[in-house]
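Below: one structure, written as structure tokens.
A, B, C and D are the chain letters, set down in written order, and residue numbers restart from 1 in every chain.
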Amino acid sequence: MKKLNIGLIGYGFMGRAHSNAFRQANHFFDLKYQPVLKAACARNEENVRAFANSAGWESYETDWRKLVERDDIDVIDIAAPNNVHCEIAVAAAAAGKMVLTDKPLAMNGIEGREMVEAVKKAGVPNMVWYNYRRVPAVTLAKQIIDEGKLGRIYHYRANFLQDWTISTDLPQGGQALWRLDVNAAGSGVTGDLLAHCIDTAIWLNGGISRVSARTETFVKERFHNLTGKVEPVGIDDASLFMCDFANGSLGLFEATRYARGHKALYTFEINGQHASIKWDLHDAHRLEYFDHRDEGKLRGWRSIHVSDNGGDHPYMDHWWVPGLQIGFEHSFIHQVADFLKGLETGEVTQPDFENALITQNVCDAILSSGKSGQWVQVEN
Amino acid sequence: MKKLNIGLIGYGFMGRAHSNAFRQANHFFDLKYQPVLKAACARNEENVRAFANSAGWESYETDWRKLVERDDIDVIDIAAPNNVHCEIAVAAAAAGKMVLTDKPLAMNGIEGREMVEAVKKAGVPNMVWYNYRRVPAVTLAKQIIDEGKLGRIYHYRANFLQDWTISTDLPQGGQALWRLDVNAAGSGVTGDLLAHCIDTAIWLNGGISRVSARTETFVKERFHNLTGKVEPVGIDDASLFMCDFANGSLGLFEATRYARGHKALYTFEINGQHASIKWDLHDAHRLEYFDHRDEGKLRGWRSIHVSDNGGDHPYMDHWWVPGLQIGFEHSFIHQVADFLKGLETGEVTQPDFENALITQNVCDAILSSGKSGQWVQVEN
Amino acid sequence: MKKLNIGLIGYGFMGRAHSNAFRQANHFFDLKYQPVLKAACARNEENVRAFANSAGWESYETDWRKLVERDDIDVIDIAAPNNVHCEIAVAAAAAGKMVLTDKPLAMNGIEGREMVEAVKKAGVPNMVWYNYRRVPAVTLAKQIIDEGKLGRIYHYRANFLQDWTISTDLPQGGQALWRLDVNAAGSGVTGDLLAHCIDTAIWLNGGISRVSARTETFVKERFHNLTGKVEPVGIDDASLFMCDFANGSLGLFEATRYARGHKALYTFEINGQHASIKWDLHDAHRLEYFDHRDEGKLRGWRSIHVSDNGGDHPYMDHWWVPGLQIGFEHSFIHQVADFLKGLETGEVTQPDFENALITQNVCDAILSSGKSGQWVQVEN
Amino acid sequence: MKKLNIGLIGYGFMGRAHSNAFRQANHFFDLKYQPVLKAACARNEENVRAFANSAGWESYETDWRKLVERDDIDVIDIAAPNNVHCEIAVAAAAAGKMVLTDKPLAMNGIEGREMVEAVKKAGVPNMVWYNYRRVPAVTLAKQIIDEGKLGRIYHYRANFLQDWTISTDLPQGGQALWRLDVNAAGSGVTGDLLAHCIDTAIWLNGGISRVSARTETFVKERFHNLTGKVEPVGIDDASLFMCDFANGSLGLFEATRYARGHKALYTFEINGQHASIKWDLHDAHRLEYFDHRDEGKLRGWRSIHVSDNGGDHPYMDHWWVPGLQIGFEHSFIHQVADFLKGLETGEVTQPDFENALITQNVCDAILSSGKSGQWVQVEN
């Protein structure tokens, strides 16, 4: 068993999910590498100490530069706001560390390309936490598509709907609310929510060639926790776009934080000549499948409970028995397991930085189209 | 086109549904017989006149004996309370009329047998309005089962849940509330709701050999509209039973009018060795189907939208286009169409009185078991 | 009771639905006017005779001009392809007839304006069959919105998905397939399907100011039934658009006939500050409602079974009992009932031609934007 | 932080779930006690070593008596077949250990009472793993009921449907299949599945006074892994029962392993005067709730996504963000957390042995009634 020492930056929602994944992977997957929760890092010492304690980290740091310099760290995992991804990743790569970062890759494509170049130059393994690829139902969708069951694809539609920022009293900025602060987040729902939809879409349906978008900021100003004043809101509250995929299918995407009644409604649907697939994060353990080749009178959308531990369903043989759900955090455990297996086999675990840059470029094109009102080609 | 003159007794909910079926059948089905809405009959002249007018009946009577005697009537259709089914049916048969009656067949098996003998002796076509057999999704279930797709059957479960009598202020007896009056209804949910479940069950899964039941009256007394006094409630408010089918499968049934949130939740499910089927009246146009022989990773309950007008789904080629629902009343239209087709071909349209007597006998056994607490053999 | 003599042009799917509505309305609604199915009209004599016979029309014509000229006709109802709406409607109005036409109003806005002017000049009642407004669940949505339960609106999304033209072997043109022939239909899914979505959207959420669309024709050429040759396909197979509503909310719409597994999946969702609403034609009797003001731990999407006949749900007091569905065709019956009631009261029944022209103008803007790739202002 | 040394017996499905719960509880709950995974125990040395290694146990034993004798063990946790619960628990209690055991408590009530007496005499904390009480949606149901929101209760129905023993080729007995061996399991689905349903039912709806049951063994003989011969099957394959609750409501329960299409379909529904509740393990993160007091036109079953981490939903403030599911195993983590909290506060964590004996007595009554065909009073 080879130990792999992890240094984590950030202790929010994602910091907790990553920590759990590092702790749990080897209990459920047979792996040659084993993560060691070596050090957690954040600026506030009291908070990071408490977090390290509860989440099982051996030590802590308050300066990410120190973490990057530590000899006993093999992997730098960035679970901090988007505006520090690039600087930390580039430094970590330069220090010869493997680098993982939360999604989106960066504030924009320019930063993203710098990060890709840094890890390539350093030759270090790298990965972005687009965790939804490894929800078993989503992985199953990929298998079905790769087997050619759908035939020619006509339509892809996805949305990611939330409702947590409707109140105008909600401030922006700071610890828990950096996602509302354009300086920390780079964009609003485009980078936060659509990025997930786009990563999955490209994985399942191939590249996006051009987009036409409509972005909107419903609440124009909010109190800012960092400045102590009411400030203009710089992020997009809602972002809708139409697109063309390279395979000739049409895409329709929408993300918002103003859809009352939806908490994390990430759904996608893909319509092919022979068959169609639907998925919904609110019931993440189910995949809906329709096959026109079924006997006529028996055709219907099948609700597949993706919980077979006998080999039918990806990842599920590592968990419980048929009919029993796993949770949100398991997608992160699967990603760690795949990353460790990749180190073992030498195969690159996706999405790496280069792969995640494609999604970043689509996000950039969306924001650009949202401003210009024009169709925008996606940079390749 | 042969005219078939109908005389209808009763103008309540069922009287309206029957009338509509007689009016509509020939507009959607190609038939050699055509019902003529000749006369409606009820005791209250003002009401029956208004009903005849709105529902399209040519004339009206206030005494069912007169109706039965009319030479211009070919068919007597009884949509009146259960306590008059037997007397009217026997008289109608004796007068040489075809006889249709609403379900259940009678107040009990004794009456039922008398009715069967009467129509047999008279040699007149007869039928009971167990309309749910002719909801297309239910008919489709029958086709699937008859094709042997389910294999050996292990379980049949059904319930019929309502919530309209929870209030203790609701009176019993009289026009709209005769179903709460044991003298008019014979029983409560057993004859009203379970009878539907049993008719479908026997049709789909064969005979029932014995039952063990639990009946309950939650509200022990109610104001009686006919006596003007608070009177004991003689009907069963809830009725549950376990049973053995002749094919070795186990049955579990429940009906109640005290299930808050359910209006007419008639559901059944049948589990076979290879496949299972579910149906729910609240979404009557859907049939759920699971087939274990599907490819492992793609197995799931299929939600079949039973609306194909191209030949895949029974009756639906007479209606609209795929994806569009029909309503509750269409099951009655289908029953009329099948009855008329049966007159044309000479084939008996089911359920006739004899067939409906089987369900009546199961109801009797349930009520008997509910009293004795013992398993009771069903009379054959 | 005042008789209202109807002359119907066309005997396809819509001709059958209109006929049924005229026959049924007075049996379920208390109205002062009663439609008389006076004459059906179509070019093929054999077909129109058979149709008139089965659908209950007293006579037939083979030339619509004759029908328009008949003194015994009060109302001309156009259930023929889009390319004849304008000519017939203008002639009928000139002859002093009331005019009903199937949707969309016309081939385009120019024709639509001509029709509006004709009926205004003639001063005749007129209406377009956007029947989905009168599905009880949709009418209930309107009531909820009009009561202000949703608060400020942020999002409206709708789609209308079908899958019946995926096969490249399907020809275009002629009796049953005129919807694929651009000369008869004017457009593809834009006028056929999106028009329904837009009519409902404007009714529920107010005017649309501008659109950005993407239209696509997946199958570029098909055999043409009228020319006997393979011909280019002129219609849009799929049509997607983003839009701005006048109230500041964002709209996202999609229609296609290439979404495998969907037969007539017309859905809409509207997200407000306090509450949201969803509907789906595949389960047309249900309305989904989420209210954030519900007690926190009990908040959830409510699945309202719109079948209360006690007054809670629009139109349903004319039908059966709670829990029992009505069908697709009932929306047409409701529209006839409302139209007749409008004649009685003098109130204009919507949508009239003028109202339907608004939807036509949005359709024109979509098709224009689909060609130019630009945002297009909707003409008013 | 007080360390609590655990000794686990068994390494199957439940052994893995318990191990995970001990490992995870303190990472997500703020507790004064911390479990230490001290030793795992099973007869096969190779297997138990591998298990201890992957699941994180510090040591292992191959004789449970040695484990019970070890001074460094505070808690004995029994995740072994039912036939050893009693002997081990009694010995562990006598050795002064706290005792946890998987459900059902014992082979029958006689053993159960012996176990209750043993832990009482020893004065040691004890608990049975009826984990489903601590699925957040089920705990929420309990809260709603305890607040009195349902009013008088009329009906309780539950079932637990599986389909994994339909094949006659499946053997009985031995490691993975002891549940089919009556000598190891005591009963079939009654103790395995109905026990869960009964525990929840009594917790939510109070005591059961009498039952009438129907048990069946569909496959009468199977190859036995321990004897190497085809042997009679002694367990019940299916078990159905009706019952009376002390509060006057009627119960209807069913469990089977022959319901094709269901993997672990544990559902319950409770109907009260004002409101009703439904739950389904297949979508364990949702609770369905209907409240008749809602405004008439807006009444409907609410699908509550029990994932609020802001305080509305039990346990969920320890997990992720709204809209994100947790898994099956989290119910065990919650049970450990509650048990540790109980040690801290001195409050008994339920269900303890005494409480679980009530369910055992109902199971005994079911099996007895299944044999006699009579209603059987539940022993208290």
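In this section, a residue touches a chain if its C-beta (ideal position, glycine included) is under 8 Å from a C-beta of that chain, and two chains touch if they have at least 3 such contacts.
A quick note: this is a predicted structure, and the numbers were derived from the prediction, not measured.
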{"item": "Chain located farthest away, centre of subunit A as origin (C-alpha)", "value": "B"}
{"item": "Pair with more cross-chain C-beta pairs in contact, given A-B and A-C", "value": "A-C"}
{"item": "Inter-centroid spacing, subunit C versus subunit A (mean Cα positions, whole Å)", "value": "42"}
{"item": "Averaged-CA centre spacing for the pair subunit B and subunit A, given as whole angstrom", "value": "55"}
{"item": "Residues within subunit A bordering two or more other chains", "value": "262, 301, 305"}
{"item": "Subunit A-touching residues of subunit B, taken from the complex the two chains share", "value": "140, 143-144, 287-289, 291, 294, 296-305, 308, 310-313"}
{"item": "Touch list for subunit A against partner subunit D, complex", "value": "13, 17, 19-20, 23-24, 26-27, 30, 54-56, 162, 164, 262-265, 281-286, 305, 307, 319-330"}
{"item": "Interface residues, subunit C side, partner subunit A - complex", "value": "154-155, 157, 159, 161, 163, 166, 212, 214, 216, 218, 238, 240-242, 244, 250, 252, 254, 256, 258-262, 271-276, 290, 292, 301, 373-375"}
